[in-house]
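Chain lettering (A, B and C) follows the sequence in which the chains are written, and residue indices restart at 1 in each chain.
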Amino acid sequence: MHFVFKTDYAQDLQLFKHSGQTFWYGTLAVALAIVPWLLSPYFVSQLTFVLIYSIVALGLMLLSGFTGQVSLGHAAFLAVGAYTEGVLAAKGWPFPFSMAVGALTAGIVGAIVGTPALRVKGIYLAIATMAFNIIVEEVLARWESMTGGNAGLQVGPLAMFGWRVQDERAMYYVALVVTALVTLGVVNLLRSPTGRAFVAVRDSEISAASMGINLALCKLTSFVLSAAITGIAGALYAHRLRIITPDQFTVLQSIEMLMMVVIGGLGSIHGAFFGAAFVIILPQLIAVAKDYLPPAIGQATGLQPALFGLILVGFILFEPLGLYGRWVKTRTFFQLFPFYRRGMFRRRKAFMKSERLR
Amino acid sequence: MQVLQVIVSGISQGCIYGLIALGFVLIYKATETVNFAQGELMMLGAFVGLTATSFLGLPYLAAVAAALLVMALFGFVLERAVVDPILGQPAFAVIMVTIGVGFIARGVVTMIPGWGTDTHVLEAPFRGEILHVGGLVVAAEHLVIIAATLLLVATLYAFFRFSRVGIAMQATSQNQLAAYYMGIPVRRLNGLIWAISAAVAALAGLLLAPLSFVHVNMGFIGLKAFPAAVVGGFGSLPGAIVGGITIGVVEAFSGVYLPEGFKDVAAYVVVLIMLVVKPTGLFGETMRKKV
Amino acid sequence: MNPMLAVEDLTVEFGGLRAVSDVSFAVREGEVYTLIGPNGAGKTTIFNAISLIYPPSNGRIFFKGEDLARREPYEIARLGIARTFQNIELFEHATVLENLLIGRHVLRGPRLWQELVFSPAVRRQELAFREAVEKVIDFFDLAHYRDTRVAGLPYGVRKVVELARALAVEPKLLLLDEPSSGLNVEETDDMAFWIHDIRSNLGITVLMVEHNMTLVSRASDRVLALNHGEVIAEGTPAEVRDHPGVIEAYLGTLVEA
């Protein structure tokens, strides 16, 4: 176990707390850089998906995990980013610019959603975001001149300044760079006053206001940033899927995004990545396991939703801190061996504290 | 004339939304949690009713009774197994759990032989009958829905107002810790609330089935019940029905008088307007935290 | 000399309930002014009116000559008023350090885009914040709790963290809501010394609500006694303690048998 003796305020601010962390993250970076040369294109494409979903998860994590605002409609922002990218790419815009515009548009839409959302909390916010998602989906389906309606929009390969992405490997590297930048931005935000303000708003709004935090502005900022990040993911998503249709951005999609951050570990950066990996890996595992199950179960169309639901319920009942929480507990177990105590991470409350009066 | 026609069908559709919303609001009032699986409970209720009539050959009313009982039991067990253990976690956790339960329900239904992904017809004695009421042509299903809803609302009102159990439920909803101190069996009551709520959902499913057939995705209509509950005010039982009817009527009119596509989003536009204008809904209460 | 805080004819109503009725008082710069009274007398309501959590139904509140009615709740801290809460309102899932750092929020400079890239200006600000907060941590002896999550701390420590967080704002006026409630004798003793140091060494004006009469007598310069939302006495602790109206409010009148 590493004990960090701090002698300098700057040590508080470092991203990597001690040499051990630097080593492991460094190794991870190297591994991510060379992986496309070691795996088949199929696996590389799956990894690209994991990266894109990680960005999505980071966006939602910022809003729901760190600022405590529930959103059941984040697929709408993904859609805005994807469609903007599709339309602009067709017009020949280079990727960095079209992605930036996609993020900006998604951010503006986030502001439109966020402004009335400021006044409502909890379940009302969830329903408002859900309603909003459904409306956006309908608008995309009806606005045929721009979006191609229900038939969908074709999106060409990612292109910028004469270079085109032709294979999985190139797409992977683009996604990797974008993911790294987004992650760095979010981490920087969280160690700055704005990030702390988000957490304050999540934990106690009245207290945050009395400390000088402008609640409305703070929540709006979180909404806009979260939407913009999801929009960035949407731009990559469009190029990955090649054809985007409104029914890829339904409330079910939004729910899956929420599942991702909850299973991954609400309120942590790592959770976004764990959740994204989980959501991509599970269908693969199901596809493999299908053949070993009796036909009534294995061939049922409902197998995937049922398993997702089961795992989600399981996590909330037995591992509320998510995959990241389980990771921390396992790591602590080995670090403290044999002094680890089972009650170390236990929650205290056993009765319900009313949230109507929050 | 046509306007009245539209209103009637809007009210009856609205009653379905209202019944599902009633189920939400019951649970929310008691335990401040939202059951995102309410639509799926409705779907299961319809399937149980279907099994009772088509596969077991029971007469209609017996099948209805059976469905209500089975779903009540299911609701009770669900609360015990899945909601009770996470008491004390933020409301967000319960929302996610119920979403998970909804997914499981939808998935498992596809695996049950005889149910699967097919669309089934529920044989009800009043199915397809048309009545002529004062110049209007009304489908019997609509009238049955409206009548059943009124009966249910009256029964629940009496239950909460006059019975000991009902009053105890109101107590737990307002201050759970105090209810514990008063010797009220809070956990058992929570289970009972979920049982009642599931039975209400089952009733909605049985009433809807003659109109929309029984199939695994029929629970998605439950999504529209959320706007109904919000419009009525989330803590108000009569509000749920009124909210549902409002949404139903608005939807019916949008379908007839507005261009295509508006009918599907009408409910959600209404709820967004409501949240901006009066977030607590028509009958809701404003609460403040005392610091 | 202008008072730091002037409350004029303050009335706060909740529907039909009048919690505070025509209350007027003024707090001079550098003094410790205490509100006392039985439960339900309206003391915390007055605090909440000053913090702009509840809008007054009537009356005005002036801070350093400025009418607070035109302000938003989040501007109070920037003006120089910080408060603690009766039922501790800390940020449960953050560490003690992070809680205190939030107190510095009003002093931040760099903009959002600078934070996203963690520019040198942001880095300098963070280091400056930490240095300032460290002084507060030293003042309250919280160093060994610095990196602990608030959720796991004992009640007495949480009360201290709440006070420390208010001090991290570097306020001119500190509102303390029942600082000694839930504390044992030693902790209350510490609290009395801290309030004294806050006033004398840091030059901060203190307005507090308190039930513990020993603490009130030791720490306060002047006292205002309230009952049923109305003022019944004002003066030094000794004067108020012997006031017949105050005695009646707390102990009742003698009934001749």
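Basically, a residue touches a chain if its C-beta (ideal position, glycine included) is under 8 Å from a C-beta of that chain, and two chains touch if they have at least 3 such contacts.
Please read all numbers here as calculations on a predicted model, not as lab measurements.
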_Minimal step count in the chain contact network, chain A to chain B_ = 1
_Relative to chain C, which chain's C-alpha centre is the most remote?_
B
_Nearest-to-centre chain - CA centroid comparison_ = A
*Mind checking the centre-to-centre distance between chain A and chain B? Centres are C-alpha means, answer in whole Å.*
32
*At what distance in angstrom does the C-alpha mean of chain C lie from that of chain A?*
40
_chain B and chain C, separation of their C-alpha mean positions in angstrom_ = 47
*Note the residues in chain B that touch 2 or more other chains, in rising order.*
291
*asked:* Can you list every residue of chain A that touches 2 or more other chains, as numbers and ranges?
replied: 206
*asked:* By the touch rule stated above, which residues of chain C touch at least two different other chains?
replied: 53, 85, 89
_Contact set on chain A toward chain B in their complex_ = 64, 70, 116, 119-120, 122-124, 126-128, 130-132, 134-135, 138, 141-142, 206, 251, 255, 258-259, 262, 296-297, 300-313, 316-317, 320, 347, 349-358
*Can you list the residues on chain C that touch chain A in the complex?*
51, 53, 72-78, 82-83, 85, 89-94, 97-98, 101-106, 108, 110, 112, 115-118, 122-123, 125-127, 130-131, 134, 151, 165, 169
*Which residues of chain B touch chain A in the complex?*
28, 31-32, 34, 82, 85-93, 95-97, 99-111, 113, 116-117, 175-177, 180, 216, 223, 226-227, 230, 234-235, 261, 264-265, 267-269, 271-272, 275-276, 279, 287-291
_So in the complex, the part of chain A that touches chain C is made up of which residues?_
9-10, 12-13, 185, 188-189, 191-197, 199-200, 202-204, 206-215, 221, 267, 348
